[in-house]
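So that you can tell them apart, the chains are marked A, B, C, D, E and F in the order they are listed, and the count of residues begins at 1 in each.
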Amino acid sequence: MGKVVTFGEVIMRLSPPGYNKMKQSHSLEFFFGGTEMNVAASLAQFGLNVQHISNVSDDFVGQAALACMQGYGIDISHIKKVNHPLGLYFMEVGSGLRASQITYNRLHGAFANIKPEQVDWETILDGCTLLHWTGISPAISEGAYQTLKQGLELALSKGITITADPAYRSNLWQYGRNGHEVLAELCRLSTVFIGGVNEVNEILGTQFTQDEEGFKAAAQKLIQDMPNIAKVYDKVRTGLSATHQKIFAQAWDGKTYFKTSEIEITDVVDRIGTGDAYAAGLVYGLETGMAVAETIAFANAACALKHTIAGDVNLTSVAEISEVAQGNVSGRLKR
Amino acid sequence: MGKVVTFGEVIMRLSPPGYNKMKQSHSLEFFFGGTEMNVAASLAQFGLNVQHISNVSDDFVGQAALACMQGYGIDISHIKKVNHPLGLYFMEVGSGLRASQITYNRLHGAFANIKPEQVDWETILDGCTLLHWTGISPAISEGAYQTLKQGLELALSKGITITADPAYRSNLWQYGRNGHEVLAELCRLSTVFIGGVNEVNEILGTQFTQDEEGFKAAAQKLIQDMPNIAKVYDKVRTGLSATHQKIFAQAWDGKTYFKTSEIEITDVVDRIGTGDAYAAGLVYGLETGMAVAETIAFANAACALKHTIAGDVNLTSVAEISEVAQGNVSGRLKR
Amino acid sequence: MGKVVTFGEVIMRLSPPGYNKMKQSHSLEFFFGGTEMNVAASLAQFGLNVQHISNVSDDFVGQAALACMQGYGIDISHIKKVNHPLGLYFMEVGSGLRASQITYNRLHGAFANIKPEQVDWETILDGCTLLHWTGISPAISEGAYQTLKQGLELALSKGITITADPAYRSNLWQYGRNGHEVLAELCRLSTVFIGGVNEVNEILGTQFTQDEEGFKAAAQKLIQDMPNIAKVYDKVRTGLSATHQKIFAQAWDGKTYFKTSEIEITDVVDRIGTGDAYAAGLVYGLETGMAVAETIAFANAACALKHTIAGDVNLTSVAEISEVAQGNVSGRLKR
Amino acid sequence: MGKVVTFGEVIMRLSPPGYNKMKQSHSLEFFFGGTEMNVAASLAQFGLNVQHISNVSDDFVGQAALACMQGYGIDISHIKKVNHPLGLYFMEVGSGLRASQITYNRLHGAFANIKPEQVDWETILDGCTLLHWTGISPAISEGAYQTLKQGLELALSKGITITADPAYRSNLWQYGRNGHEVLAELCRLSTVFIGGVNEVNEILGTQFTQDEEGFKAAAQKLIQDMPNIAKVYDKVRTGLSATHQKIFAQAWDGKTYFKTSEIEITDVVDRIGTGDAYAAGLVYGLETGMAVAETIAFANAACALKHTIAGDVNLTSVAEISEVAQGNVSGRLKR
Amino acid sequence: MGKVVTFGEVIMRLSPPGYNKMKQSHSLEFFFGGTEMNVAASLAQFGLNVQHISNVSDDFVGQAALACMQGYGIDISHIKKVNHPLGLYFMEVGSGLRASQITYNRLHGAFANIKPEQVDWETILDGCTLLHWTGISPAISEGAYQTLKQGLELALSKGITITADPAYRSNLWQYGRNGHEVLAELCRLSTVFIGGVNEVNEILGTQFTQDEEGFKAAAQKLIQDMPNIAKVYDKVRTGLSATHQKIFAQAWDGKTYFKTSEIEITDVVDRIGTGDAYAAGLVYGLETGMAVAETIAFANAACALKHTIAGDVNLTSVAEISEVAQGNVSGRLKR
Amino acid sequence: MGKVVTFGEVIMRLSPPGYNKMKQSHSLEFFFGGTEMNVAASLAQFGLNVQHISNVSDDFVGQAALACMQGYGIDISHIKKVNHPLGLYFMEVGSGLRASQITYNRLHGAFANIKPEQVDWETILDGCTLLHWTGISPAISEGAYQTLKQGLELALSKGITITADPAYRSNLWQYGRNGHEVLAELCRLSTVFIGGVNEVNEILGTQFTQDEEGFKAAAQKLIQDMPNIAKVYDKVRTGLSATHQKIFAQAWDGKTYFKTSEIEITDVVDRIGTGDAYAAGLVYGLETGMAVAETIAFANAACALKHTIAGDVNLTSVAEISEVAQGNVSGRLKR
């Protein structure tokens, strides 16, 4: 089996217990995550061979992050320890009509200080069959952007599948680049697009509508503009409340439109990382040769199940996901 | 900005973790609350200048209560430390169809032993624009009743707005007075009535019906009987289960009937203090000069959001409440 | 009042906190349970005189199990301490569409090593009015099967009411006997059958359908085949998700069909032991002389309320259950 | 074996976790205790037949207290549920040079409201071989004093051994009686005195010195003044810090002075209830016919071991205590 | 009474529970501290009027820090909310021979970004009788250094007492200034020096020895070099292990040498902030007019007691400290 | 660098929090350990290449154990998942004079069911430079014994260093073999002996005395009897209490006696795995070519530091251990 490579920040999440506000708490639960690392961890749970590329802090926090990734089964041999603190964020978890809130401390951290010369892409991409990136990494710093770009260029030249999850976050991008342009540039170096109407509109400056026709049109326009991209995979979320969500997935493979049934999720345990669980489901489908319809059903089920798992990472198995993908959402006790 | 003054018991809540019964627990979570202090704390979160009047125990429990109030930003300079234990209650939290249960230990506590001569109302009401009281305080002891009455008389004479939240609790009122009569007497010393058909029926011995017409009739009758009262603000709750509630607010300003849309709250985190959150919302509207319709929308949203906050006090901000008051109940993650 | 006797394994449940997976946890919450002990504990909460018969480990784990049962008010004077570890199981609690998972360590434990000669049924059944057993016990080991059989034979000869809850668990029954046959044999020694179409089909090898007609037919067939059995009590569960269930109860008393209204349970706190709560409700009805319709309403309400209680045992009171049985499911705060 | 009866308040201890102050805590650990109940619980762990007499609150707090006592194996059949809250105290646990602090809420509780007519001493003392009381009970209220006195008088008339542990607590005795006089009166109704120079001086108004000669003289004087008393058992504590203590025991049997070696206790886990553990050790010696020297060695070891147990009750076994009584204090791991 | 003003970073401490390493933990306990804020908080516990000057993050973390300070009773009206994350540090707590370890994330935080123009020293120092600073603040950033310097210059010109605690931390001072020189400059603007041989050697580049004679010589040299300084207060710590310490205090008032007895602290609960507790003790002595010998005895006792308090802040009272200062270190339970 | 291979059970430890008894607890902390796995984990923390050989349960408990080992950096590629529960033990942690107590559930578990044909020693020992075993493994079952013996024979034939830690545990060895004989047989297949007078006496049936001369004589006798053994490494523990220990190490290299200074450990955090930490220290010395004196100093310091780490595994680093080995035991805070 080939190797999947992911690149991105390893970030620590710190949350008061339950639905507490910080000001009524004395302790915080923590998790290590990061959108690309979440994908890597999920893929490792599925049994794939995965390597994550990043910087961590050269202290006991960074060691704990490394131990966590190792525990997931991720290859950490190319992660560097540097003399900057690990990025982190605080999150107050909402419930029902109260939204969760996040505040970041990541712009001067270990990953923000990554430099292209620290990453030996030649060695890393040797034996790699798929490289995954997201729009968060190039939004952090010039160094992160340049490092990623080098990797994408080399990967593209080697014929490696490149999955782009180019979400645009307006509150990042503080180092001076135009996020829309950078994402467009990097998507042009990619072969699979994970995103829908929002992402296409952000990147191409278009105005497609939020419906099935809009998605088809956006996907076609994207493939037209970015010839390296062959397929577009999207998920559509309806948020009824912080603890009640609905999701379905759709795809355009250049010729045909695919759509899953919608899964309703009540009693959400953890909303973070559900998009990454979807991405990991897609990558698993791509790496194991699933058909498009099967792939999005698996990815959608993975996304749905992640809502029931605490932390940033989808710890469910291929078997659990497949059962939900086939429509069993009864949650019946397994003895 | 003027000063809001609240008067009432500071009481400690002790609850087993989660939905545990006492007999299956070894620890208790505690919160300091008290219906009027909850209003004060919420107003302090909104940025108002608030002073609470009470007695606490002269021991480390009382000190913790004071520190808690100080942390909320409440002025505690007129709270006395006395040689009686702090009032407290135990609560087993229900879920779904199982009701929460409460048992009190408050009738011989610090507040029950308050005496009119301990409270310097002259000084306290200097600069005060609004005085808030509830039906709990006069139900505790003769001393609490007399102390409150002195304050109301002085406040009324000074033209201070007086908000009365005269809920009648039949299991209190053990010291010999007739609760209905006392509440009627004290309401006559007030200018704003927080309550609806139930409260009017309890106080006036009437039989108005639980609907819109009943509310209008009750409000008119009340204003007729109690000329100091200018407006009546009510909220109507439908309890589907311990964790699923619906609420809307209504008001009668002497001429017009106002009503908000109904908010549905699932996954209730904490049911306690939601009425106090409503009252605080009203007081905020009154103090900041909101129109009636805006006031009840804000108060109803405050009440709804309190259901998502652990503890007795509504820790949400004016911004969060305003967003819900304007109809956004999607609970979408804020980064 | 007579004495109820229960026989079965005392087993320890170990669960990660909340909805955590084992691999993301450092601690486990534990409860002592066991399907028949759960019935005993619930009956003791109701004020009945109950004795449980079992083996526990002769170490501090067994002592803790005994202290737990004593705390429930169960007579433990005939429980033996033996030199085998206490049976236990691990459970990862699911939520929403994710199922809970259980893995057992019980087949070489204290109860699995029980022998008929260790149990003095003569003394135990003296003064006993009802003996309760389930299909779990004879599935554990030959010794458990033989010990139970001796007790049933003696009880039947003494005219004691014998309630059978013969659920068939396919993943037990590893010691060589055919479970269907053993359950049939033991049911023939019983006087009340707790189960429905599934259980009858398992035991008699029939194919009755899962509906009201099927239940009636199955119950009639059962009573025909097993003349000692006089009544059949069943509950029907619809699992919408791990945290959302519906249940109703039905019964056949040899002549008439009875059925309760359906109760919907959201925000499930703990799914384990809900069937045992139902059985305990039935036994309570039988021991206190309730009519059939009243009995199943009480049992169904007991089952529903157990979903709101953490742990294996239904800790709610007769008063709480009766209120739900009479249709009050609003969960309104009791001060 | 005969029955030991204890009489006294069941009180709830509430402590912040670890060495926290209340003002820096959000939760409290709780334990049920009470000096006489602690003795009962310890004796039940030793396998004796023990009954405790008290009042508890008629609510879920009282139920939890009863379940706790039942779990210890104490006979609770003569404990009444009354409509007053359970007594309780808060404790901030000190460490090293910082003292622990306690504040009480017990003077209007369930036990303070006990009345002689609520206790059926005739039935209770039937089959009783030893009745144990302490100086705390008569200090709470007139009712507690009168109830105890009735029991002592009846027990003395029946020739039952009566162990008195008449510690004088100056901050109690608020109901009007002179504590010194009451304790003297009740000691005269007792047969075994648990106390030393301090207690004798408090009760007789003497000035004996705090040394071996003082103890002998005090014991002789006491026996001279109170002819029913046959033996005097004492323990001597040297407190080096909140977490470092030394203790030894001494006794006077009317003719001979006995003294144990001193045990040093570092890393104290819980200081509360150590005197009760000592009293339970004495009672165990008396009930099982140990010689005086053996009795005080056992009692002193019990007291020492209690310092290593969280909560008010000594949960160690006869075997563990005997090992320490024989001089093994190495704490070597037992597999 | 006058007002004490403190200036410095408010920093969050995050520690795994107990003695855990980060890599074996899933949660962190947090405390807000900061060497100067710790002094402010301790003084507020003593009843002094204290104001702290700082920046915090404009998010829910900063709000929690503000609420914490308010809860201590500190005046926070001149603390600014800025758009940078709150400084923080992680700490793994050692035990016995294993050292605690700390790693910082503070150099790009809210306080590091403070600017002189953000602080209105004129208003702040109005009514101020004592200004306290430490060597940490000017080590963080040029802005912090300049802001502090402005405050000191103004305070000196107003005749305010200025207490300097100029500890030199070599791992800070990354922004380009020479720490030794800056500390010397700022000490010259101060009137009371808190430090001993180490600090003098660091600042003056001297080589005094670590003994009584060395201290006297160093103090004399310091006063000679820095004419504004009138007195030198020092404490001397002997660390036997992470959990076992000895401390005494000494002082030079320009003419006489003072020294306290040494206090031994076993079972250390929390080592952080003990120096700040000492400084707060000194400031309290200065503000309340204690003699030098009394002041250092109080400060040394405050320092000793802080070792028994979790978190960064000394929460003990003047009464508790005075008792230890007078030699009572027995830790005897206070009921 | 070569590969170290360890063989043995992976076992789960379950302990009540703090110093609680099981009967006063509702939760358990758990750790994965096992004497040989502890060595592997410690070596992985030191940066060595380590592989552990074992069976785990094929369920989510086994998966958690695997994730834990992976997180330590141990190669788990040759660990099998089998259909038997993971071995486990419960431990009540003592303090001071109260001993910790352990009760096992391991004799029918995953490792007890290991069979020689499940382990591919040829592949495993390829590239291996050191194989470590202890006396626990052959005591569990015939299968474990035979599997280990095959590995030792092959390793010896390949000239691999074999470290034997043949502690004799009398409460194991229930499957029929004579433990003394089996250990002697397996030691003869080893090249380094970890043990002292006790172990030699157990294995050879000798009566050497517990002192330096006894150790020398025992070591010489052992080497004489078992020619493959070249060196004997021992540690000597003096247990003052459960929380206060002293240790030193000694060795005999065939010609010379070596001895370290004694380290005193107060405030023990966790006593389990300290012997394994010592063994890991030795293996590290052997693998990195340390001299004997340096090796035992390192191993003794590793053992001492493990007493400060919760759980079974020594998580300290080479740097921390080296500092203690060089005599720094002050536990001074590292910023």
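Operating definition for what follows: a contact is a pair of C-beta atoms (placed from the backbone, for glycine too) under 8 Å apart; a residue touches a chain by one contact, two chains touch by 3 or more.
Just so we're on the same page, UniProt names per chain: A, B, C, D, E, F = 2-dehydro-3-deoxygluconokinase.
Treat the numbers as computed from the prediction; the structure is a model and nothing was measured.
Contact with both subunit B and subunit C is made by A, D, E, F. Between the chain pairs A-D and E-F, more C-beta pairs are in contact across E-F.
In terms of residue-numbered contacts, B-C and A-B present the same interface, as over half of their contact pairs agree; the other options in A-F, A-B or C-D do not.
Ranking every chain by how far its Cα centroid lies from the centroid of subunit E, the top place goes to C.
Subunit A maps onto subunit B through a rotation of 120°, based on Cα atoms and reported in steps of 5. Our note on geometry: subunit B versus subunit E, Cα centroid distance of 42 Å, whole angstroms.
Taking each chain's centre as the average of its CA atoms, subunit C and subunit F sit 44 Å apart. Among all residues of subunit C, those that touch two or more other chains are 21, 23-26, 67-68, 71, 101, 104, 267.
The touch graph of the protein chains shown is complete.
Subunit B contributes residues 14, 17, 21-23, 25-31, 57, 59-61, 63-64, 67-68, 85, 88, 90, 92, 101, 103-105, 107-108 to its touches with subunit D in the complex. Contacts from subunit A toward subunit C in the complex involve residues 71, 263, 265-269, 304-305, 307-311, 315-316, 320, 324, 329-335.
Residue ranges on subunit C touching subunit A, taken from their complex, read 18-21, 23-24, 94-102, 104, 169, 171, 239-244, 267, 271. Considering their complex, residues 24-26 of subunit D touch subunit A. Subunit C makes touch with subunit D in their complex at residues 67-68, 70-73.
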